[in-house]
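We call the chains A, B, C, D and E, going by the order they appear; numbering starts again at 1 in every chain.
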Amino acid sequence: KTPVRFTLDWRFEGPIAPYLLAEAKGYFADEGLNVTIDSGSGSAGAVNRVATGAYDVGFADINAMIEFNVNNPDQALKAVFMVYDHPPFAIFAKKESGIATPTDLAGKTLGAPVFDSPRKTFSAFTAATGLDEASVTWMSMDPPLREPMLLRGQVDAISGFYFTSLLNLDNLGIPADDLVVFRYADYGVQLYGNAIVVSPQMLAQPEVVKGFLRAVTKGWADTLQDPAAAIAYVRQRDGLIDVDLELRRLNLAIETSVATESAKANGIGAVDEERLAKAIDEVVHAFNLPSTPAPEAIFDSSFLPEKEARMIF
Amino acid sequence: MSDYFVEIDNVDLAYNEDDESLAVQGLNLNIRQGEFVAVVGPSGCGKSTLLKLVTGLKPPTRGSVTVDGKHVAGTLSFVGMAFQNPTLLPWRNTLRNIMLPLEIVEPHRGNLRSQKAAYLERARQLLRTVGLGAHEAKHPWELSGGMQQRANLCRALIHDPRLLMLDEPFGALDAFTREELWCVLAELRREKKLTVVLVTHDLREAVFLADTVHVMSSRPGRIVHSRHVDLPRPRALDVCYEPAFVEIVHELRGHIERVRCVDTFGGIDDSVA
Amino acid sequence: MSDYFVEIDNVDLAYNEDDESLAVQGLNLNIRQGEFVAVVGPSGCGKSTLLKLVTGLKPPTRGSVTVDGKHVAGTLSFVGMAFQNPTLLPWRNTLRNIMLPLEIVEPHRGNLRSQKAAYLERARQLLRTVGLGAHEAKHPWELSGGMQQRANLCRALIHDPRLLMLDEPFGALDAFTREELWCVLAELRREKKLTVVLVTHDLREAVFLADTVHVMSSRPGRIVHSRHVDLPRPRALDVCYEPAFVEIVHELRGHIERVRCVDTFGGIDDSVA
Amino acid sequence: MILSRKNLERYSPLIVTIIMFAAWEAVARLARIPSYILPPPSEAMMAGYEFAGPITTHALQTLYTTLAGFALAVIFGMLVGVIIGSSKLLYRAFYPILIGFNSVPKVALVPLLVIWFGIGTTPAIITAFLISFFPVVVNVATGLATIEPELEDVLRVLGASKATILLKVGIPNSLPYFFASLKIAITLAFVGSVISETVASNAGIGYLMMSASSRFNVPLVFAGLIVIAAMGIGMYALFAALENRTTSWAFRR
Amino acid sequence: MILSRKNLERYSPLIVTIIMFAAWEAVARLARIPSYILPPPSEAMMAGYEFAGPITTHALQTLYTTLAGFALAVIFGMLVGVIIGSSKLLYRAFYPILIGFNSVPKVALVPLLVIWFGIGTTPAIITAFLISFFPVVVNVATGLATIEPELEDVLRVLGASKATILLKVGIPNSLPYFFASLKIAITLAFVGSVISETVASNAGIGYLMMSASSRFNVPLVFAGLIVIAAMGIGMYALFAALENRTTSWAFRR
């Protein structure tokens, strides 16, 4: 069997159930693959792990991958399967703060880690909403700090993944009703979110990649069928998780990022060439990159399973 | 109240709590204010232990020690002591080692800052007296064995103690330096009316300097013989050649020999016991 | 090749490189194989330094030291030395301190494992000889000063050294223990034909034990007088009362006194200089 | 209940621990500190009880990586300490580099380790090693550099080699400080392995804490902290016993 | 060019540093390690040069927080060390707690500090303090507990109080180990402040490294590491000078 090392972007949580499921149910094995799945410490970190050859495949933020590719053309990675068709990027504020529209953020303080994707792509959001990017102040902090900091009023707003921060805040006692949430996708931001990315070395083994994606697609199919059952595989892997919470997280992720209109129309995993080009432009602008890569250099759809197989919603 | 300055009353001392073998046992010794006492005895009999008892460095296991009418608990503050091993502090040079007691004992401690120059001069004077005038800046390890011992002696004297405890202070010195220092010590004692306890192996030294010489038995140590030395003072070095002197030395020698003979079953050949 | 075992040829030694003042200067001393040499001199004159030069602990600043026909560079391995301060290792008990040289010097080092019992018995025997038989399990700080010194002496003897260096080995002992050990040492030396260098302040000790007594000048030290002691061997302790003996002691005493007189401008009263 | 001095001494660590926990509990409850900031220890204990199974597995993993890294640190630390402590030239040459290297937070190197060794046990062991190695070096080197020359001379005069002197005088003489450094090193080894686990691992208390904190299960995070502390104390007790046996001579009083 | 022994000794740290950098450069270039894994030092230097301005500002911030935390650690470390080292009861009572506390990675506490004190300087100072305090305690305590009773007796016989004995014998006697602990502590203080800055701060080398790494600017990350190392070495040089002045007696050889 071909060994494949697969790194996640974050801990074992609800939204990664499909991969653990695929592994546990032997979908990878059926493709002749021996996949090891490790947790990650950030979607940018996942890009790095694949780039350095420590891992063959990653579940990573495509925007971070674009940035990496421009900076390191000789080790350029490729995305081969889009998972989060809408980026889960969002800005959160408390209703009581009086912030109601994105432009109300002017003059406010926002909290997020420096490597946070929503923060790094903030200029795409400002461009779409007319907010002056220079008018906000950023405070840098570790991911688990931002929600308490918002709660305690030490920052006015935070950026983060929609389904993560929303649940975290809920967990801390602020229900969604007390929050104002600006999801980037709702304001016409064209960016994509997390994708399956592979190293150049993997690209040289198309059969392996194809097999991997077939298994992933099956995993997602099962997960969409019965999210609650899928969560059991996460629980199996990490006994510490709170099943109800992760199920909510998974459902939120599916609702807002995976089962989008375009995904339903084109099948899971695919991208729209035109939108991708726009998304790349947004990234280049947001990250102030020296060159604009071609969409083909970013996403390779030749490994995707047949469309019928991907119509799983 | 008795008229003794130091009273050791039937004292036992065990170094190890659990250990039953005593270092000294049934020790009785009285010292008058201003008296010069010498203690002699075989090696390991408890002479240094006696000094530690008097100064309060070691509390007695049984019995009581009284100094200046007060029961000794903890240490006193009017004592000058020259330990058997010259325990100079390695991070201080000779002069600063000598100055140490001045930094601790009142009233010097309080005056040290304001009268620094006077105290320094006093320390230097003392160093000169013992022949270390040129070595004040040396660290202890740069001194020869005899020089360390002399520095050690100075440290015991610098703060004008009322009670002076000397544990073989001249052991590492040549005969002449030694005799010179005998005279220095005798003079100092006369001047300041010091009470002195001197531990020594040199019987001539003991007789020359002391008013009373006590002979200790071998371990467990106790006083087995006390000899008053009634030679007139001040004594010149020539006294050592007088018949009366020689006779006392001879008498003491005999006592020690007897102590050691008993000892043949417990001392030098104690493995037999 | 000369027939001297130890040759010190016009040696100077400065302890501090930058310091011009020498500890010994123009030192010349020759010792025959099997000779018993005593070195006497005022405190701080460089006697201990002399021993360090011979054993290679200190390289001479100028001049050369030859032992057994070989130039001394680094230390030798057939030397037994009793340092002036009994530097026993605090983490070893007395017996294990005594055993130390056996763990280092060949051939004992190689045999130690296989003949452990024999070596232990030998160490215990030696301890008994000096009266420490009952104290083998004590740590150094549990020994009295004189006991430490005796242990120190044992450590210098245990490995049958060909050259024995003793730096005031009996200074802290009472007269009887001391005289007993004189006899032990003299006997041992006769038996094993040792070459011995003894530093001492006790002229009677020097004359009783040595074939030759060397008198050192005060610092910077050099040999100013050498006296052959022609008393017949073996010598009994009674010899100390013979006129010939007393006369030699007296003569040496005179030499030291003279050395120290010169010294009045650089020694005891060196502050005047 | 009146404690004898001896019993007081024996139970004092327990008493202090209990007092500390009680104070923590009181502060957390009385000041109504929300449990996502500082949970009272009772909550942490309950979280620990609830997840006792996974905690045990993770704790064993951490203990394993820590001890492996620590063992390496002791061996290499002694080696380097001996080398540096016995030559003035090498001391001068390598000390600054070592200091420089140790000022660098080892977390920054974990990603590198992951690239070379993959996620999991090896980076944790290496991080624990890297972080705990320096205190051993420093104390061993200081212990050797401050041997009294008089003690050394005792061996030199017997013709002992440098290695022998080291073995017979250097090591015993610096033993109390060697043990002191072990106490520092073991705590750092725990810190190292846990940190590495938070960055790159699927197992270990570090992973547990990270995972718990990303879900705001702060009581579980603190349960993890308490478990690490307990393991640290356990290791200390081991050394303390060893120390008592080997260096009582230095603490005679 | 032949160096005299003295010059060799003087320049040895420089030589070793240069050799190390050269080796690193050679390995990175010859093995063609991509610069996003391990950039050659030349690239790191260039990145450092390019961003010299911001690096200086951030470095000064880190230096400030580190030194503040370190100063606190030395003061409190000595205090606690003295207390623990001079009483057997307190030693037994508090040592385990201290060990437990120090086995805990301080990063885990930074979020707490940030919530209490806000983002910025204070948490960094406190973290630096917490992490570097323990080695000082351990070495001071060991130094005091291993004083030779003979030296102590010299003062006791003069009627000196416990405090005086401490001042005149305890402290000087443990000075070499106190300095050894300072060397460990300063490196840890740097680690502490940098770690705190990576968790939550808008300034300092920790922030700079975090921000550089999020932009895949690995050479700049390494430039940051080199700057920290250099600051650590600078502080060491300071102590070494101080040590030379005050404890040369212990290193006589």
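Assume a residue touches a chain if its C-beta (ideal position, glycine included) is under 8 Å from a C-beta of that chain, and two chains touch if they have at least 3 such contacts.
The model shown is predicted, which means the values in this text are computed figures rather than measured ones.
**Q** Which chains make contact with chain B and with chain D at once?
**A** The shared contacts of chain B and chain D, listed by label, come to C, E.
**Q** If you tally contacts for every chain pair, which pair is highest?
**A** D-E
**Q** Please tell me the distance, in whole Å, between the geometric centres of chain C and chain D computed from their C-alpha atoms.
**A** From the centre of chain C to the centre of chain D is 49 Å.
**Q** How big is the gap, in whole Å, between where the Cα atoms of chain A centre and where those of chain E centre?
**A** Comparing mean C-alpha positions, chain E is 39 Å from chain A.
**Q** Cα centroid separation between chain A and chain B, in whole Å?
**A** Chain A and chain B have C-alpha centres separated by 86 Å.
**Q** On chain A, where are the residues touching two or more other chains?
**A** As it turns out, chain A has residues touching two or more other chains at 48, 52, 144, 148.
**Q** Name the residues of chain C that each touch 2 or more other chains.
**A** Answer for chain C, listing residues that touch two or more other chains: 85, 141.
**Q** Quick check on chain D: which residues sit in contact with 2+ other chains?
**A** If we look for residues of chain D contacting two or more partner chains, we find 37, 115, 149-150, 198, 213, 250, 252.
**Q** Mind pulling up the chain C residues that touch chain B in the complex?
**A** 15, 40-44, 46-48, 84-85, 124, 127-128, 131, 133-134, 142-147, 150, 167-168, 171-178, 180, 201, 203, 253, 256-257, 260, 267-271, 273
**Q** Quick one: in the complex, what on chain E touches chain D?
**A** Against chain D, chain E makes touches at 5, 8-10, 12-13, 15-17, 20, 37-38, 88-89, 92-97, 99-108, 111-112, 115, 134-135, 138-139, 141-142, 145-146, 149, 176-177, 179-180, 183-184, 186-188, 190-191, 194-195, 198, 206, 209, 221, 225, 228-233, 236-237, 240, 250-253.
**Q** Which of the residues in chain C come into contact with chain D in the complex?
**A** 52, 55-57, 75-79, 81, 83, 85, 87, 89-91, 100-101, 103-105, 139, 141, 155, 159, 165
**Q** Can you list the chain D residues touching chain A in their complex?
**A** 36-37, 51, 53-54, 111, 114-116, 118-120, 198-202, 207-208, 210-217, 220
**Q** Name, in rising order, each residue of chain D that touches chain C in their complex.
**A** Counting only chain D, the residues touching chain C are 150-151, 153-160, 164, 168-169, 172-173, 175, 247, 249-250, 252.
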